[in-house]
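In the part that follows, the structures are each spelled out as structure tokens.
In the two complexes below, subunit A is the common chain; its partner is subunit B in one and subunit C in the other.
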Partner chain A sequence: MSGRRILAMTRKEVIQIRRDPLSLMVIIALPLIQLLIFGYAVNLDIKHIPLCVYDRDATQTSQDLLKRFQATDYFRVVHLADSYRDVVRQIDYGVCTVAVVVPPQFSERLRSNGQASVQALLDASDANTANIGMAYALSIVQAYSERVQIDWRERHGLAAVAAAVTFQPRTWFNEDLVSMAAIVPGVVAIVMAVVGAFLTSLTIAREWERGTMEQLISTPVGKLEIQIGKLAPYFVIGMMDTAVCAGVAVWWFGVPFRGSWTVLFGCSMLFLVVVMSLGYLISVTSTSQLGASQLAMLATFLPTFLLSGFLFPIEQMPVPVQWVTRVLPARYFVFILRNVFLKGTSVRSMAGQLAALAIIAVVLITLATRAFHKKLE
Partner chain B sequence: MRILQSFARVGHMLRKEFIQTLRDPHTRFLLIGPPVIQMLVFGYAATLEVKHVELAVLDLDNTQESRELVSHFSASRYFEIKRHAARRDELREGIDRGDFLLALEIHSGFAQRLRNGQGASVQVLVDASNSNTALVALGYFSQIGSQFARDYESDRLRRSAPQLASFLPQVELETRPWFNEGLDSQWYFVPGVIGNVMLIMVMMLTAFAVVREREIGTLEQVMVTPIRRWEFILGKTLPFLLIGSFDATLISLFGTFWFGVPFRGNVAVLALGLTAYLLAALGLGLYLSTISATQQQAMIASFFFIMPMITLSGFGNPISSMPAFFQKLSPINPMTHIMVVLRGVYLKGVGLEILWPHIAAMAGLAAILLSVSVLRFHKSLE
Partner chain C sequence: MSQNASSVVVENLTKRFGSFTAVDRISFAARRGEIFGFLGPNGAGKSTTIRILCGLLRPTSGQARVAGIDVAASPDAVRQQIGYMSQKFSLYNDLRVVENLRFFAGLYSVPARDLPDRLAWALRMAGLEGREQFPTRALAVGWKQRLALGCAVLHRPPIVFLDEPTSGVDPVSRRQFWDLIHHMVDEGITVFVTTHYMDEAEYCNRLVLIDRGRIVAMGTPTELKNRYMKGQLLLVECEPLGPGLEALRGTPGVVDAAVFGSSLHAVVADAQSALPKVRECLEAKRLRVGRLEQIPPSLEDVFVSLTTSRESKLEKTV
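Let's look at the complex of A and B:
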């Protein structure tokens, strides 16, 4: 091990990176773009669901009910249908996701039988939006129903009691329920996985593909020195990205930051070591850049995006998949990031996650060093 | 004669590409492995459903009414009571550790207030670090709450004024989820994944294949052969169109037979839509190859496109919930259209009469992308 040789290796890599300033800029801008998209476009809070209304009753009562749909933020009335076929058409064309149909004699029935129902037709090809839309519609109709009951009680001289149970939610950690706050940790993890594994895997696969790896090997530089020297610049880029992400999230989007910056950067470094070792392992086992990039996609981006629990809750996945997530570094990192950003809990409470990351790092580094050794022979 | 020669040259080029792509077992795996794995992971992991949310209960009232409320929760499939706490601290600690996401705290005097008709309140502690789950779960809470209140009310009315009880007016909502009666998340995500995987595959393969020749220096060698430029482009892109079609078929079959997602539309419509989409992806890949000199650049550039394209396509979040600016932008994203086509064909079973504008839009985008990149490609060779 010689510091000079490592430095020489690093300098070579830095020169190569600097030759291509555009790519460097893109790498640093990537987290910004992702944050902007997630911050402004992909609000997981579903609102303004396009609604189509078909009022076959057309009375004051039915209009009262439908006005409640207009008054909320959850729905946006985009169409007033005049026939049932029209409703079907609107849903088929995707103009509206939910259609509320008030049957004829709605108010008549409500007055005489006390029982009346309205229909909600949902385009459930988007199951999630349909599910949420259903809940919104249900709560609107329930609220209306309660109003009707209260009026009725007053007319019949019964005590106008509201025995309703109300829930007073006290939301912790993300008081305003902004999805941005929940998403930022995931974005940080994705960006680091991409920068760490993708770029790393390409940088070594490139040497193999161009045949310059043999030249490197013939120099006195050792394999560990190649490893460290080549990865050092990307490590710095990865940490810069983390800083950019965290800075923009906290100061631009106002995501709460309750933990300590030291813990954030310390854990990020550990995670970066893990993903870089993974990228390194991928690059020594595949000889073309195409192969390396596809494998890196499968091994880092995809699991970080889907299985880390940042977008899709792990508890909701099938049990075998939950087991798979246990070997994924991203899962632990997202947990740690959520703790650092939103909960501000102590390092001790995430000792398990940190240990898991450290074990994965050791395993990957051992594997990568071995695989590289074989390649030289 | 010249056309025949030209065909022959494209044929040679095709053979070269196929040999190059298929000779390496690594690459052969890459053509089938990643799409199938992505399909499996998406199919199983991507669910926004919220069921069996872990809940802790602290019942300080301990009356028949409070137990009745708790049993409303345990009966619901949305919640799973993980712990009956005895002290308030347990709730706080459990949420901190992540043992449960929600905690219900029923104060003493709950039943008394209900009996007096005052309206009782119950405290709910929510770990909102996953805001989506928290939001949905809170929605379920209010549903269960009003259900409980309603049951309690009619029960009481039956005892106090039985003659009136049956006339208590009520408005019900009948819900009819069409196309996906069980509101199954898989049915929503699996067709979308086809569009997702195809974009990533075809765009990256195309971009890498061309840039690779440039990076290794074999592009010059190809250019000194009598092959014409358009023949070269055709020979370069056609294999990926074929591979893309093969993969699309493979994972479409996977979606139907493995995940059991219904296929209600017409295969021909799907094939037409996917072809237009693949051409657009090819065009994009070719465009990337003209702006990047190394494969690393191509990778970074493709990421630059893939991420926004996927997130803004309506793959995971409805476009109607996005800000107006992004909604206006969405028609220039070919993925937006393929999502409509895929879900339309798979789940809704609608045909060309409804989907043609989307297929036409993709074809138009493909034409623009291909001609721009072919023009640029010519220049980049000179």
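Let's look at the complex of A and C:
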């Protein structure tokens, strides 16, 4: 091992990165674009569900009920229908997802026998939104119904009856249940995986593709010297991207940060070594930059996006898929990121995940070093 | 000393790619401080041999020692002792001239205190002084080749391997390039060079003629011409060329005849007795005869004579 040869490799690589517009784009623009897209667009919170109202009763009572729909953030009244056909049209045209129809004689029935029903129509072509809309609507009507009962008993001089069992949920770590707080730290993992693996996947493939490899391997430079010298600048770039992403997450998106920055960067370095080794392994086994970069994207972006627990909880996946996720480095890193950001837990509580990452790193580095030969065949 | 006298020693070297034998049991030795030429047509096995000697390919069998080191056993030890210039230009086009030089100086561990001198020397040698900051991709082919040579010899290796260094280079640049090679040899460097230009082969101290993976002849250019040329050579100018060639081949005493540029070369056992017979035959066919005289054979004649005789042997065995 010679420091001078490693330094020569690194210098050359830095010059090439500086002069390559594509690399610069990936380094600077890609992380920010991904952060903004995922931070804003991937929003699992459902609010402002478009609502259509058809009030066939048109009394003070029915208006009281409908005002409750207006008063929440969950619904946004977009249309006041004047006929059933109108309601159907609003749903057909996608103007609203939920329609509430108050039947005629609603207030009269409520007064006379204390029983009345309200109809809700749901467009379940987006099952998730429809489900949540139904739950919201149900809770609004139930609350209203309770109020009506209490009022009735009071008017008749009876004591109000409290419910026997009440459920008092308390949410920890992400108190407002904002999905962004859980997603944005995960985006850091996606950015690192894509930037780390994508850029390093080009390094060796580029030398083969441009025919410069033959000259390079005719010199005394060693396999490991090439590897370290080439990857060093990308490691620095990857850590800078990580810092930018974490900063944007905390100061732009307002994600709570309860852990230690040292732990965050320490763990990120380990993860970066893993994804860069993966990129390097892909690079030494391909001879074209296009093939290598596509394989790198396929090996990092999709699994990180779908299987890391970033969006979809791993516990909800079919058991065989859960097994597959165990070899995914991003799975462990997403867990670590959420812990560091939201919980601020100690390193000890993440020992299993860190060990898994370390094992994957050793395996990938060994494979990559073995797969690269200073030979032309 | 005897170990050092030979820079490159090859014994029964064979390289097969699948069922194709690129290099077939070749043996030779290149002495220190000489220009050792490897001459042959494309696909003869020149590049394969040079790549084995630089440790870029594993030999299938046989042995190659460069600067006394077994290439197959310790390729990295050999690499510090050699400079290699591949057939295709393989420097970094997106680097500047001086950045390429610095990069290879780093890989060859040129000491920092020697670096300014070496860079200046390489730039002067390649004629690239004042173009240090040029983007490499903007250089003309001839200059690129000289820069590649500069990068390959920055560390002053005792042996330099040049694989078709002048292919695709204009005649003036070729000339300059060979001046460079002679300059290096004057400094005691062994130059191992492959070419398919016959005129360049004349510049070599010693030559190996290689055809379809086998050595067909070996020696100094003069030795090759004297030893391997069966008979003597006549230059025949006549019009038209085609019937002339036919007539020559039918002339008694003519061993072989071939077109060389705008004239014909005929191989005969004895020039003095053959000359009148040839003139008689051509004139009998009513061909206009121009120059007709004995000439010294060129390496090209030797090569054609050697490869055609091998071809006819091959045809007989098939």
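Heads up, the rule we're going with is that the second predicted complex is superposed on the first by the 332 of 377 C-alpha atoms of A that agree within 3 Å, B and C clash if a C-alpha of one lies under 4 Å from a C-alpha of the other, contacts with A are read in each partner's own complex, and residues count from 1 in each chain.
Note that a contact is a pair of C-beta atoms (placed from the backbone, for glycine too) under 8 Å apart; a residue touches a chain by one contact, two chains touch by 3 or more.
In this text, all values refer to a predicted model and were calculated from it rather than measured experimentally.
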When subunit B and subunit C are modelled together on subunit A, clash or fit: fit
First (subunit B), second (subunit C), both or neither touched by A:217: second
Which of subunit B and subunit C A:142 touches, first, second, both or neither: first
Residues of subunit A touched, compared between subunit B and subunit C (which is higher): B
Touching partner for A:108 - first (subunit B), second (subunit C), both, neither: neither
Touched partner set for A:20, first subunit B, second subunit C, both or neither: both
Contacts of A:4 with subunit B and subunit C, given as first, second, both or neither: second
Touching partner for A:82 - first (subunit B), second (subunit C), both, neither: neither
First, second, both or neither for A:12, with subunit B first and subunit C second: second
Nearest Cα pair across subunit B and subunit C, whole Å: 12
Common interface positions of subunit A, toward subunit B and toward subunit C: 20, 210
In the complex with subunit A, residue positions of subunit B that touch it: 24, 26-27, 30, 33-34, 37-38, 41-42, 44-54, 69, 95-98, 114, 117-136, 138-143, 145-146, 148-149, 152-153, 156, 161, 164, 166-181, 183-185, 187-188, 200, 204-205, 208-209, 212, 215-216, 294-297, 299-301, 303-304, 307-308, 311-312, 316-318, 320-323, 326, 340, 343-344, 346-348, 350, 354
Touching residues on subunit A, where the partner in the complex is subunit B: 20, 22-23, 26-27, 30, 33-34, 37-38, 40-50, 65, 76, 91-94, 97, 110-111, 114-132, 134-139, 141-142, 144-146, 148-149, 152, 156, 158-159, 161-175, 177-179, 181-182, 194, 198-199, 202-203, 206, 209-210, 286-291, 293-295, 297-298, 302-303, 306-307, 309, 311-313, 315-318, 321, 335, 338, 342-343, 345, 349
Touching residues on subunit C, where the partner in the complex is subunit A: 17, 51, 54-58, 75-76, 79-80, 82, 84, 86, 88-95, 99, 102-109, 148, 151
Subunit A residues within the subunit C interface of the complex: 2, 4-5, 7-9, 11-12, 15-16, 19-20, 210-222, 374-377
